[in-house]
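Handing you a structure now.
By written order: A, B, C and D. Residues from 1 in each chain.
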Amino acid sequence: MLELVSVRRHFGPLKVIDDLDLSVAKGDVLGILGPNGAGKTTLFNVILGVHPVSAGHVRFEGRDITRKRPWSRCQMGIGRTYQVPKPFSHMSVFENVLVAAVSGGQGSIRASRDWAVEVVELTGLAHRMERPAGELSLLDLKRLELAKAVACRPKLLLLDEIAGGLTDMECDELLEIIRGVHRQGATIVWIEHVIHALRRAATRLAVLYGGKIISSGTPDAVLADPRVREVYLGVEA
Amino acid sequence: MFFSWANQILQGVLVGGLYAMFAMGLSLSVGIMRFVNIAHGDLIVLVSFLILSLTQAFGLDPILAVLITLPLAFLGGYLLQRYLLQRVIGEGVLPIILVTFGLSIIIQNGLLGTYGADTRKVAGGGIETATLMLGKGINVGVLPLAIFVTAMVMVAGLDLLLYRTRMGARIRAVSDDVSSANLVGLPSAHIYAIAMGIVGVTVAISAGFMSVWTNFDPTSGPSRLITAFEAVVLGGLGSLWGTLIGGIVLGVAQTLGAQFDAAWQVLAGHIVFLIIFMLRPQGLFPRN
Amino acid sequence: MPKAPFNAWLVPAGRLLLLLGLCFLIAGPWVCSIPQLQLLTQFLSLLVIAIMWNLLAGYADIVSVGQHAFVGIGAYAFFGFAVFAGFSPYLALLAGGATALVFAVPVMLIIFRLRAAYLAVGSWVVAETLMLGAGKLTAFGGGSGVSMPVSVVRSLGVQPALRYSHIYWLALAVAAVALATTWLLMRSRIGLGLTAMRDNEEGAGSVGVNLIRSRILCFLWTAPFLGLAGGIITLQKLRVAPPASFSITDWTVYVIFIVVIGGIGSFEGPIIGTVVFFLIRQYLAEIGVWHFIILGMLSIGVIMVEPRGLWGILRRVVPGDLIPVSHRPPARPLAGSDSAPSGTHLKEPHSTPAG
Amino acid sequence: MAGRPAVAPTGNGTLLAVEKLSVFYGQFRALFGVDLEVRAGEIVSIIGANGAGKSSLLKAIVGQVGRTEGRILLEGADLTALPTAEIVGGGVALVPEGRRLFPSLTVEENLHIGWEVGRQGEIGFDEVYRYFPILKERRRQKTRELSGGQQQMVAVGRALLANPRLLLCDEISLGLAPVVINELYEIIPAIRDRGIGIVVVEQDITRSLAVADRFYCLLEGRVNLTGRPQDTTREIVAQHYFGV
């Protein structure tokens, strides 16, 4: 479904993504782990086209989308949440989601209204439907990020540290929503530090380090991989 | 014929010196603080009126008057940055454009209210008309030559200041990365303000020369801003030597335009700017 | 159900005020003297220009200081079509708007190469060039301009009173069309995307809002309306001249003050701003240039204190928009009972009781 | 120097005392009432996963976060409300995460900025060049042209030239080759032996614990384990680190 071929992304001399190959199959929930500065968020920016790649190709459903702008990629079916939420603060929660439903999902406003309501309810924001997004709490902002991404009717959903800073209970709620979205047919790539959340949701894990994937496979296998422990916990003394 | 053209081009180059002077301060604020001060031209005119008042009310020599305005302009630039512009910096482009735009209108109309709409000029005591005859129809005005030389000295001086002094290194550090500067304890607001103070000094020097060489009135600011902006963009944003070249290109374009028809002078400058800009949007000497 | 807030009456009250204003404008020719009617005509022209500048700077992040160019182009084109081509004034007005649109394309190609802060002065350079270019048109009187022939003036009405009310109706029509269509634009999916862009550009891009197309559309949208306003202004002044038709003071400086003081990035802002501006100008005009200084300080103050202007301040009390460009969720008779997919619903967290 | 915190000896040798510190970013709360202590001549390591609040803690100490609650005392003097310049002038230097050099400035210029903003003291350029001889060779080069390891050396050197009493190191091994990391870590005990208190924030637990006299483990904004490295096991640390 998604394929990255020898992708590089450099900022000056800094190689944030370095000759990275990655493929995601339809129906996967791929969790991505990696220490700070491993290039995780940059990876998403490359997949969505926020940053152009320095080299390599990005393919989505067999089409080369390397030169496409973020909004075209979104319209093709790639939804994305931001680690630091980017709400449209002066618009209501409903409108925030409606924008995504209309622009990303490419429907008319009339046709998208019910879908937007459905997504708002699905993500547990029904009671905030007409509040300005600028007034939301962190949990609700994370829900809104998810709602906006889901409203685009993505075939591929990119989640960037959506569980960070939440309590266990809040995290469980979010996990339930994400599972719901997955059940409805979306493929998911999920960057996360909250490992227990990933472990419960992911079908595959991959560990990014120094701009490369150093380990991938089933969650248990990856977490047991000595190289992963090395990266996270340091070289065995 | 040839010498007549050469003479015109030479005059244009010298005019370019004055334009580069206008542009130098703008180039600094674009390069260091990364904003375009819409009131830049009006500040030049404001200082010109100050010089006019000093020479007329106290009978001071223009050079002395300019020397007096230098510290005032530094202080003015410092305070302007520290207490007004700094508050809206880093919040997107809209606030800073609107604030400097408001400032521009306030200065223009404050001057109109104080000095009236008449065109003014500061008497230079004969230096305006002094010329050097280089033979074969090529004449060089002493004042334009002085301006051009000063402009070159200013570029070289600013270059030294930025690249050879402690304060220059601090200014470049803040310009490189404001948040890093804050992290290691550099007082960025103070350093920005000093940079704006330096901009103020360039404004005062160019105001001094402009007030003796050309006529000005309270609404002359915008055209000075536009000239300065064109020189900065032509030269490549933030490059000081590029700015000097940009000023020269404009000066030559204008004098040659005026050769066809006096009324084409300003328009020729704009048209040359737009053409070069369309061909080379990054400017003639882009930094990096 | 949440209880209606105590200040809910402010929204209908505000709308009533707007409606009264509209009634007054429609009744204008019957209740106003000729000078008053001229003032109202000016008001409507400036309102149109303010709405357009707000659309650019407030939503599309195109902070132009050169939109007076299109007013001037509209003015000259109207004059040309009406006087030289012999079009009827109505047709010439439309042709003026169309000409502004045609010019907008190359202008856009130039200034869109400059981003952010540089675009402002860049657009100014272009406007300056166009103004100087207009001064080279000998048929239009060169740098000093030219007056309308009496025959064209008379085609709008032989008596001044009739003529002025004619011009007034045209101005009202242009303003009404500008306001209504821009409102429809803002209500459309494009407007929805623009509002999102205003709040967070990157966020808007990644939910599928085409930022480039939106910007282009906004820029092209404003040009014909500015051109129409230029035509109306020419009808009123009965002459074109480069510094007056391309007046940066009248069509850009004032307009920026109007939008900033009224409230940038909202539909109500330009309307409130234009009303406030005319009040200030009526009462402070006798202090001459100092009213500029007051306007300048006022707008700097607004940016420092409340970047969303007077409407931003009012909006803290007024619970809703007066001219709703926002969208509300469809009413659902049995919300959440059976319409949603099963198993994915979460219980709503306990909401705090209203009041 | 104006605003320099007065030295108030506290008897027990406490250099830095952080008391009930909470940090807020708008709605988001990064730290929940953290207590922490660093003595002069001691290396304290702070470990924890991403987002645990390690960087927020260091930034709060140098006065670079918006809203905090609680107190931060350097030798008894309250730093909490001071601007960064005065905190640095008073003897706290940070090696920020990601190095945060000024890329268009030369090595020497970068170092000099540390020297200017800091306090007077015995560490001069010679001292730094002795720790990192390669920097002397490259002192006229722009830092953007250096390798990652050399850049990190400049960042450490810049902080040292401020002559700190307390040195804060945020992820100095990030993205560097093991050889380079070793080189950097060799000098940390040497700095400690000058009587400087050091806080090391590191994702690489093994490295971090090997050098530390004491450690604190953060999980989601709270300290959930503290002690001396030799008194605990790797398994216990790992459990607290991941919170599973």
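Operating definition for what follows: a contact is a pair of C-beta atoms (placed from the backbone, for glycine too) under 8 Å apart; a residue touches a chain by one contact, two chains touch by 3 or more.
Chains and their UniProt names: A = Amino acid/amide ABC transporter ATP-binding protein 1, HAAT family; B = Amino acid/amide ABC transporter membrane protein 1, HAAT family; C = Branched-chain amino acid transport system permease protein; D = Branched-chain amino acid transport system ATP-binding protein.
This one's a predicted model, so the numbers in the text were calculated from it and none came from an experiment.
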| item | value |
| --- | --- |
| Where chain C and chain D overlap in contact partners, by chain label | A, B |
| Dominant chain pairing [most C-beta pairs in contact] | A-C |
| Centre-to-centre distance between chain C and chain B (centres being mean Cα positions), rounded to whole Å | 34 |
| CA centroid of chain A to CA centroid of chain C, Å | 39 |
| Intercentroid distance (Cα basis), chain D paired with chain B, Å | 44 |
| Whole-Å separation of chain centres (CA-atom averages), chain A against chain B | 49 |
| Multi-partner residues of chain A (at least 2 other chains) | none |
| For chain D, residues that touch 2 or more chains besides their own | 103 |
| Residue list for chain B, restricted to those that touch at least two other chains | none |
| Overall pattern in which the protein chains touch one another (line/ring/star/complete/other) | ring |
| Pairs of chains satisfying the touch condition | A-C, A-D, B-C, B-D |
| Chain D residues touching chain B - in the complex, by the definition given at the top | 59, 62, 64, 83-85, 87-89, 93-94, 96, 100-105, 109-110, 112-114, 116-118, 158-159, 162 |
| Chain C residues touching chain A - in the complex, by the definition given at the top | 187-189, 192-193, 195-196, 198-200, 202-212, 265, 326-330, 332, 335-336, 339-341, 343-349, 351 |
| Chain B residues within the chain C interface of the complex | 30, 34-36, 38, 84, 87-88, 93-99, 101-103, 105-106, 108-110, 112-113, 222-223, 225-226, 229-230, 233, 237, 263-264, 266-267, 270-271, 273-274, 277-278, 281 |
| Sites on chain D touched by chain A in the complex | 27-30, 49-51, 97-98, 103, 144-145, 148, 171, 174-175, 178, 203-208, 210, 220, 234, 238, 241-244 |
| Residues of chain C defined as touching chain B within the complex | 57, 61, 63, 65, 110, 113-114, 116-118, 120-122, 124-126, 128-129, 132-133, 135-136, 143, 248, 253, 256-257, 260, 264, 288-290, 292-293, 295-297, 299-300, 303-304, 307 |
